[in-house]
Amino acid sequence: MDKNNTVKKKKYIHVGAVIVYILLSIWAIVVIFPFYWMLLTSVKSYAAYSTEYIPQFFTAAPTLDNYTEAFTAVPLAQYFLNTLIFTVLTTGIMMIVIIPAAFAFSRLEFRGKNLLFTLFLSLMMIPNELVIITNFQTITDMGLRNTFTGLILPSVTSVFYIYLLKENFEQIPDELYKAAKVDGTSDFKYLVKVMIPICKPTVITIMILKVIECWNSYVWPRLITDDKAYFLVSNGIEEIRENGFGRENIPAMMAAVVVISLPLIVIFIIFRKKIMEGVSSGGTKG
Amino acid sequence: MKNNGSKAWLYLLPALLFLGAFMVYPLIDVLIYSVEEGYNSASQSYYDVGLYNYSYVLHDPYFLQALRNTFLLVIITVPLSTGTALLISLGLSSIKKLRNLFQTIYFLPYVTNTLAVGLVFMILFKKTAYTDGLVNVLINLFGGESVDFIDGPYWAKMFVLCFYTIWVVLPFKILILTSALASVNETLYKAARIDGTSKFRIFYKITLPMISPMIFYLVITGFIGAFKAYSDAVALFGTDLNAAGMNTIVGYVYDMLYGDSGGYPSYASAAALILFVIVLTITVINLMISRKNVHY
Amino acid sequence: MKIVLENLTKRFPNRNKKGGADVVAVDNFNFEIPDGKLIGLLGPSGCGKSTCLNLISGLETPTEGRIYFDGEDITDLPAENRGVGLVFQSYALYPHLTVLRNITFPLENLKGEKKMNRHEMDEKALEAARLVQIDGLMERKPNELSGGQQQRVAIARALVKMPRVLLLDEPLSNLDARLRLQTREEIRRIQRETGITTIFVTHDQEEAMSISDMIVVMKDGVIQQIDKPQNVYNDPKNLFVAKFLGTPAINVFVGSVKAERLYIGDDEVMTVSGAPDGNVYIGVRPEGFVPDDNGGLKCKLSGIEIMGRDTSILSTHYAHEGDTIRAIVDSEEATRFTEANDASGNGTADKPGEVSFSLKPRKVYLFDRVTEERVYCKTI
């Protein structure tokens, strides 16, 4: 009787696990499938694709022509380069802006610190949509439309990242600061030689998250650029969708999509752990 | 240590400058814009101050359409995505083999360009002269009628938008919930099992209360995020969302600001402030509910 | 180098209660630390000894008073320019740097004439590392070292720039008992070898007694006594010092002096010539008791503890402050006492359960009941 029961239970657990695996696999397929489809379509020849009334799951004759097409028919390389410049500059300048601010909040004493920090935190609640209107006007008035300056300026500070970094800086024991003082170190040197190296994981996480954000940014670049020479990849994709390749050359379009998606997927594969830790410790989407 | 005061301000200066120019000043400015009637971008002049902009926006059929779309999207996607994420996370935490692989796959949409993958979704769902699209082929296979999900009936378009939105927001929610589940103290489960508690009861009485703060966090951020939906819609239906009847509030704001229908920053400001008030109200309600229900 | 503290005071604003008085961490310190000596700053936690150290290192600025290094007023000199070496309780090693780079860190900050190249720095670091015997660990990271090794790295880092003064803030409290004993000898040796004036903060009186040339006993920000370790023990200025020094602790009784006769409760215990009449606290060191059937102090026996070479007789007395009187007696007396004890089964032969003591005059101190200042002690 007892024995029978345990056997039954074991079987029950087994069946349960199988169901769980099946359901998880279904969702995994839902997630992966669009990626597979875009890769697949991008290597189908245009002629083959157009004649498939019922889309085929495989292709016998993969071709790279679509990639050539994607780089020649539209200025994809230009979009790519623009996004690279935009991403590197924005991320770089942002680090230069937020690290000293986080340092001041975490390490230095000054009058009004608590009040100022509370104000900083309250800024976190302000949605981007609310301030983008005036920023659009400001940048337009300054004649900075269709320039990298105009693209970059409004996104080089982040209250959230200052907050994240400040919290991390505060984890460093006071004694280390005192030791460095006694050893004759200036505040700035302490920041550069001790704090940043110790907080390197967080600094890198913030940089990666910012890079993802930059690479995918769409709204602001769309508002601020109408000259294709300054389009970022998101705008490029939109442009391709509306006007590029003649609307029907889906394989070429997919080739462009693959090219655009690839860098972030590579970064993700390399920094998988860091990104997931960073996001779960307080990142939000866009 | 003497000069610390002024030195601190020096370290803060860049951040303060940028935040002042691109966050604080716009915040004040957007309020001013929203009450300036008949503002003209070219001459930067206006002829009266009042609430006309709000009244115009609230009577604009495009805004009402955007409002309806946004509310539908919020009501459908927030509960569905949170619930699905919870189920998937529970599934993930119950297995050992392949767990890392699944987690990695599920996180993939987080790092992809919304616009780019949206294009793939469009192709999968779109019905054209050449092909009905993969989804329709599947529907036909089960004996259904082909539907154009991109240019067809409203419910079909709303379905695709909701589906894509859920696809995009799930990675974040799954990640948060799996780490919340992992942080529940193992000994609680052991204690419950020794007491002979059933699996369902363990979930209901231990797991759920322990992760309830994170669930509410996800609901709150989910509401905020869904109300700000825009680029998902653009990815699926193109930039002219009004024509597709699939505009969102944020889309309405940008359309008022820029593009063929643009040049009305006052209307845009009024619409943005209306959105802000809606989001704020719902967040406050959420917080009030969570304070009553979150268990610690 | 000689260090002089003059009217040194540090007050912190009270943050707990609104309108509360300032907290005085260091109250009007005046003392001189002779060149090349090792000074132990001793007191219970929260008595202001770490604040005092921070004032000397420059990490905190005094509210009032001056600090002189070799006659030079350095009160307003910031910490980075004082040239002091500081070893923290938590060691404060830079976790991202190797042992070598931790030790060279202070050297990298030198400017002007003192600036060194990499090679010179590494030489110096190796020298300091040899002194503390960690020269085999130079490429490790701090988290790969044991507590004792980390401690040595911290000392090497403090020594490498040849500081004018070496400050040690509770350097042994994170080590286990055996290592603590070993490291304190080590510190003593290094201090002797280098001849650097050293200030050592501790709450452990045994530690302070064992290695200091001089002890400064503090309580609530006020200096209680400054003297050589043995003098502080033998000649405590007040009840606090008497209680704080010595393990096991001194036994305190309430009693009185009448016509140069000392009474503990109603027991007349000894003659105290020259002591004024009045109510007193009586402190008796554990080694000051002699079991003696004719002794004046009559206690209730509660047990005998034999711990290695020491034998303790535990007893109680109604005039005693605290739970148990602990008398440490030498082996001969102990044997005699225990034999008598065994014969009767309990206590001495004719008074079971009781024990009488006579007291060694030099181990008895009298303190005023109000001021707690010492009023009598038999001098040598």
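Chains: A, B and C, in written order; residue numbering restarts at 1 for each.
Note that a residue touches a chain if its C-beta (ideal position, glycine included) is under 8 Å from a C-beta of that chain, and two chains touch if they have at least 3 such contacts.
Just so you know, these numbers come straight off a predicted model, no measurement behind them.
Innermost chain of the displayed assembly, by C-alpha centre distance to the whole-protein C-alpha centre, is A.
In this assembly, the chain whose C-alpha centre lies farthest from chain B is C. More contacting C-beta pairs link the chains of A-B than the other of the two pairs A-B and A-C. One finds 64 Å separating the Cα centroids of chain B and chain C.
Inter-chain centre distance (chain A to chain B, centres taken as mean C-alpha positions): 16 Å. Averaging C-alpha coordinates per chain places the centre of chain A 58 Å away from that of chain C.
Counting partner chains per residue, chain C has residues 78-79 touching two or more of them. Note for the complex: chain A touches chain C at residues 173, 175-176, 178-186, 189, 193-194, 197-198, 200. Listing the residues of chain A that touch chain B in their complex gives 17, 20-21, 23-24, 27-28, 30-32, 34-35, 37-38, 41, 50, 52-55, 96-98, 100-101, 103-105, 108-111, 113, 116, 120, 123, 126-127, 129-138, 153-154, 156-157, 159, 162, 187, 212, 215-216, 218-219, 222-223, 233-234, 237-238, 241-242, 248, 250, 253-254, 257, 260-261, 264-265, 267-268, 272, 275-276, 279-280, 283-285.
Touching chain A in their complex are the following residues of chain C: 54, 57-59, 78-86, 88-92, 94-97, 105-106, 109-110, 157, 161. Residues of chain B touching chain A in their complex: 4-5, 7-9, 11-12, 14-16, 18-19, 21-27, 29-30, 33, 41, 87-88, 91-92, 94-95, 98, 102-117, 119-121, 123-124, 128, 130-134, 137, 167-169, 172, 175-176, 179, 221, 224-225, 228, 230-231, 234, 238-239, 250, 253-254, 257-258, 265, 268-269, 272-273, 275-276, 279.
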